[in-house]
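Below you'll find the structures, each written out as structure tokens.
Two complexes, one shared chain (subunit A), two partners (subunit B, subunit C).
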Partner chain A sequence: MTRRKKNLLSNYLVILPLVAIVALFTVYPVVQAIQFSLRKYYLIKPRHPFIGLDNYVSVVSERLFPDSLFSTLLFTGGSVAGAFLLGLGIALLLSYELRFSGALKTLIVLPWALPYTIGGLIWKLIFAPDFGLINKTLGTLGLVKPEDYMAWLTDPKIAQMAVILAQIWREMPFATIFILAGLQAIPPDYYDAVEIDGGGAWTRLVHIALPLLKPIILIVLVYETIIALITFDLVYIMTGGGPAGATTLLSYYAYSKSFSFLNFGEGTALSIILTGVIAAILFLLLKIISPSLSKS
Partner chain B sequence: MVLRKHIKKILLYFCMLCVFMFILVPILWILFMSFQYEEDIIAPTFSLKPREMIIDNYKYIFTGVAPRQKGSMIRSRVVESARYILPTVVNSLIIASCVALINFGVGLSAAYTFLYKKFTGKEAIFVCVLLSRLLPPVAVVIPFFIIIKSLNLLDTKLSLILIYSAMTLPLTVFFFRGYLSRIPSEVIDAAFVDGCSEPQMMWRVLIPMAKGGVLAGTILAFFLSYIEFLYALSLAQTYRSKTMPVLIAAISSSRDISWSLLCADVILAIIPTIIIGFIVRKYLVGGIIPQLR
Partner chain C sequence: MKKVAVIVAMSLIAAVLMMGSAQAVTIRMIMWTYGVETVQDNIAKFEKLNPGIKVEAEDISWYVYPETLTTRFVTGTAPEVIYCNDQWLQAWADAGWLRSLTEHLPGLEKYRDDMKPYVLDGLSYKGKIYGLPYYADTYVLFANGKFLEDAGLSGTPETWEDVNEMCQKLKAAGIQKYPLIMEFHKDEHSMVEIFYAMTYSNEPGSLFDEKLNPIFDHEGSAAHQALDWLNKALNESKIMDPASLVHKEIDVIKSMQAGKGTFTLMEKYTLAELQHPGSSPYAGKFKLMLMPGKSHYTVGGGKFYALTEQAVKTGDEAVNAAGKLIEYFGGKSDGEYVVAKRWTLEKGLGFGYKSLYEEPAIIASLEKWSDVRVEKEQEGKYSMAKEGMTPWFMEWAESLRSEMHYMLGKKVTPLEMVKTLAGGWSKLKKEAE
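Moving on to the complex of A and B:
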């Protein structure tokens, strides 16, 4: 009995460092963040009086808030759908085992292997007005005169699309790698059965591959959704939230409230709202997409 | 029918070419610019005649010898901060290596315990640890600042090592557990029958058998720490603890900017991550898929 107790204790001791470090940097910060969000908390002021939900009310009623929520949802929807569909497409392409497939399988990881900051920087340079890759290519081909070069990222709509494109570029390798692994795990005789029944490539994809890939698709969607919802580095480097707040995603908005305006109260209130948005979207994803995937 | 097959093949190869270009052109363009004169970079069009390629940008970063300049190049374009890429990359490498070691030790033993041991609250603890990853970093960055300040660790590498360990451990424990779960329990029992102690068994049986996964999980923690930006941005103040992404962000938003030097910085900064990417790619899936069923 004492030996069993000792064993049991040693189990807890082994996971103690893990639990301690995660708790120190999770539980305590969350409690603190909630406290901040209920106070009028400016870094430079000595007193932080309790004001209840006022921070939440004033943040939500700001003009930029609905815009920011919308661009966050647009960014998330666009980049998750884009990365998933492109990843699926590339994985299907790779499953044909053409020449150079091997090279592509190796090189596909490159965008994902770059830091977000550098991915953002690369796309900022691609869209740069004076010497960016797009303008320079158009100019060299003689399609646009150098004096007419577009400052792409100063147009709100284009800037929104550009950040989504940059995110898709960086995230599609993850989707490709997972979906390809899933495709390769499907026994070939499953496909033979479709062929006997006279089904084509589409039938193979919709009736065999996608249902079997369900757990993998779910992992890809959940991962990409979380990554997109907390995106910060990319917009920090690429657009700085601009132009006119068009790419101010919620996490960037919360950050600038806290660090540019030193309004920690409203900043943390915003980030707690973001946490709620993440929880709600993941809930929807798991409750709605997951069962409907299993039906098909 | 034969014609259709040919068309299909051509179409597939065309798609492949597009994918190759989409992936590679942005990176190769940066690589190309890092070997160019500043003038050639900021020229409004590509020159159709081949331009001279130079290694001066890299030479400046390593030795401080200013790049040769064509024509009347403004002096201020040679930004000194570009040279700080080496110390910041070293900082990032040190921090990431420590985090990787912690993940290997703490994470692997925790994953083993979660997988093979029975104790009250096991599942609950595991789920809670994993759920901690759903918090957006921006929500906790201010409390982190306050914790680090009260521990008297502001502007130290240790502060980032602690935070990154908390950030990566839930993922690596999950990942390691996936790889360990593929080892048949008979193998482990056999090791115990042969008289192995638990640590011996881990070292001689588990780790060698899950080699690839253990390596990939550890490297993944390294990678995530190497690229982290938000916490480093708000906690690192001087070059004692500033990391590579923070420097790249600072240079790219400064007014006096030398694009050629910045591109050389970027290339130097991504060499480790690209090597890591190639290693992790092979093992990424194996740590996650076993746990989906």
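Moving on to the complex of A and C:
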């Protein structure tokens, strides 16, 4: 064996234990999930026969599947756009040295620092029918009487908007911090040049900041998209997937199949389908944004 | 010399202590979260009477109880004794996770004759009993008597149409916008019982034939009538609070205590909570009513202490110790139903044994918050266990809850819902055969 080959072999041997551990916690669960998805896998039944793609056909044919897919795409689109735009706006504000900007930055990060379940509980209580913040505020302002307090989360469209709003609140800090870091890395000379040329704030934003922020924007969009597509805890706490399946995202649907119906076969099939959806959306996102990154 | 003596003495003491603990059998019990302090106190009393048995109790939320227990069974980490519900018995017994008392603790069969019929049905499978009652209750209609009086209403509704009319009068009198509140949260297991109760109130035993084929999937069936009434109550006559869709049991209790509704249909023990002195301005004013409907029937359900395969796998010592625990909690101790009586006297929980109606202390307690005459009539003449208790019932019940939300959310009609439920049942039955 040549010296080069020996070095290569020893390098592989050194990283092998680490690769094995990572594979155990990543590759093995995925392989097992695929295995489950190809079997009739009810937890309460001892035998799990191979049934091919029947689980996939079964879940895709269910009435809830297209609604769940639509809810997932709506939730993702709404929350990613909302978190990004709000994050951009707040980051632009914070990029000016305002009074108390240090304290503001701490406050902004707070939603992100809270455990996901706590955030879900907070928003569930905000929308609660009898004592929720929204109803109480409307009542205090004299806009509604207590007997007219609305059960917000029992309306499908409002419930969908509510979970999107909660997700935006939770994820906006990430977008803000990243974009702010990007803004602060832009050399001030670029802005000075715009000023000399007679350009204003809009010109600075559109022709300087945004083009230079593209790599960070891509990171934020990709990350937030993944987070939105796999969000489960928020829906679990706030709405339980209801009302009438309006907020049953694919992630919650997979959980419900596996742990409420005890059908691991169909639950893992939904998880694999969700993985496919994530891959497809990320592929599209990169296809749209990457060319403009290369140009800039 | 002194040092040696001290060391020897301490070693002897340690050895005695270790011998003592080595002889104790540890029984683990899982329960859902209710009256945990009372349970812990009962455990302490049991351990005092049985010094060789140590009990470790763990509580899990009712709303994730069956899923959590299922994963415990699958992973082999289940305890020796669990709380169980009649909805889960058949699936878990079929999977071998629950073991019958008839087979492993035949001495406990002696309690069979004293059990209420719907209780015995609920904890039996294939002729064998799988537990002793924790508590048993029927689903009943009750109303805030003060609001009825304010609206000039008296008497008991005989039919569901009467309930609708009374609610309309309450609305017209400006007393409440939504006089009816229900526990229809998507995760609320009671939704299934309420469906059964309202179906049986129209016609008992009208869901399945003797071969367990669904017979309710047509227009005008008792089940269709019940669902149609609920749909109209929410979406047409608007007598039902829309917040019912996000209300669990505790939310309904709080709403009723706050005077937000007049009528509700819940497990009878919740009436005890509402009537508890000082719990609300309306405590003592709630009225228990015989179920409206053509038959006045309702559904009765039992929760029980069950023996698991874990106890059997551990060995005879564990089975015997678990049996003593099950008997102390679900049977008699020194000739008395100590724990069952305690639950009734302190919390108003219903009981699984007929003879407890003969206890003066029980009757005196019931008279404080219930209507004993109505209760005895409902329990004795007009209650039955749920039909269709099969290994696939758990899965079907889950789909029933989802379909109920679709129906109340106007995504499907009541007729479409009964057809979907019947179709789902037939599919599951075929797969099981």
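As a convention for this text, the second predicted complex is superposed on the first by the 273 of 296 C-alpha atoms of A that agree within 3 Å, B and C clash if a C-alpha of one lies under 4 Å from a C-alpha of the other, contacts with A are read in each partner's own complex, and residues count from 1 in each chain.
Operating definition for what follows: a contact is a pair of C-beta atoms (placed from the backbone, for glycine too) under 8 Å apart; a residue touches a chain by one contact, two chains touch by 3 or more.
Small disclaimer: the values here were computed from a predicted structure and weren't measured.
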Is A:I196 touching the first partner subunit B, the second partner subunit C, both, or neither of them?
neither
Which partner does A:I226 reach: the first (subunit B), the second (subunit C), both, or neither?
first
Output check: A:P111 vs subunit B and subunit C. Expected answer is one of first, second, both, neither. What do you get?
first
Quick one: classify A:F259 as touching subunit B (first), subunit C (second), both or neither.
both
On the A-aligned overlay, A:D130 touches which partner chain: subunit B = first, subunit C = second, or both, or neither?
both
Greater residue coverage of subunit A in the superposed arrangement, subunit B or subunit C:
B
Overlap of the subunit B and subunit C footprints on subunit A, listed as residue numbers:
130, 240, 259
For the subunit A and subunit B complex, residues of the former touching the latter:
8, 11-12, 14-15, 17-19, 21-22, 24-26, 28-30, 32-33, 36, 89-90, 93, 96, 98, 100-101, 104, 106-118, 121-126, 130-131, 133, 135-137, 139-140, 146, 149, 169, 173, 177-178, 181-182, 215-216, 218-219, 226, 229-230, 232-233, 236-237, 240, 251, 254-255, 258-259, 264, 267-268, 271-272, 274-275, 278-279, 282
So, in the complex, the side of subunit B touching subunit A is made of residues 9, 12-13, 15-16, 19-20, 22-27, 29-30, 41-46, 48, 106-107, 109-110, 112-114, 117, 119, 125, 129, 132-144, 146-147, 162-163, 165-167, 169-170, 173, 223, 226-227, 229-230, 234, 244-245, 248-249, 252-253, 259, 262, 266, 269-270, 273-274, 276-278, 280-281, 284-285, 288-289, 292-293
In the complex formed with subunit A, which residues of subunit C make contact?
67, 70-71, 74, 91-92, 94-96, 176-177, 185-187, 241-243, 245-246, 254-255, 258, 260, 391, 394-395, 398-399, 402, 405-406, 408-409, 411
Given the complex, residues on subunit A that touch subunit C span 43-46, 64, 129-130, 147-148, 150-151, 153-154, 156, 240-246, 259-263
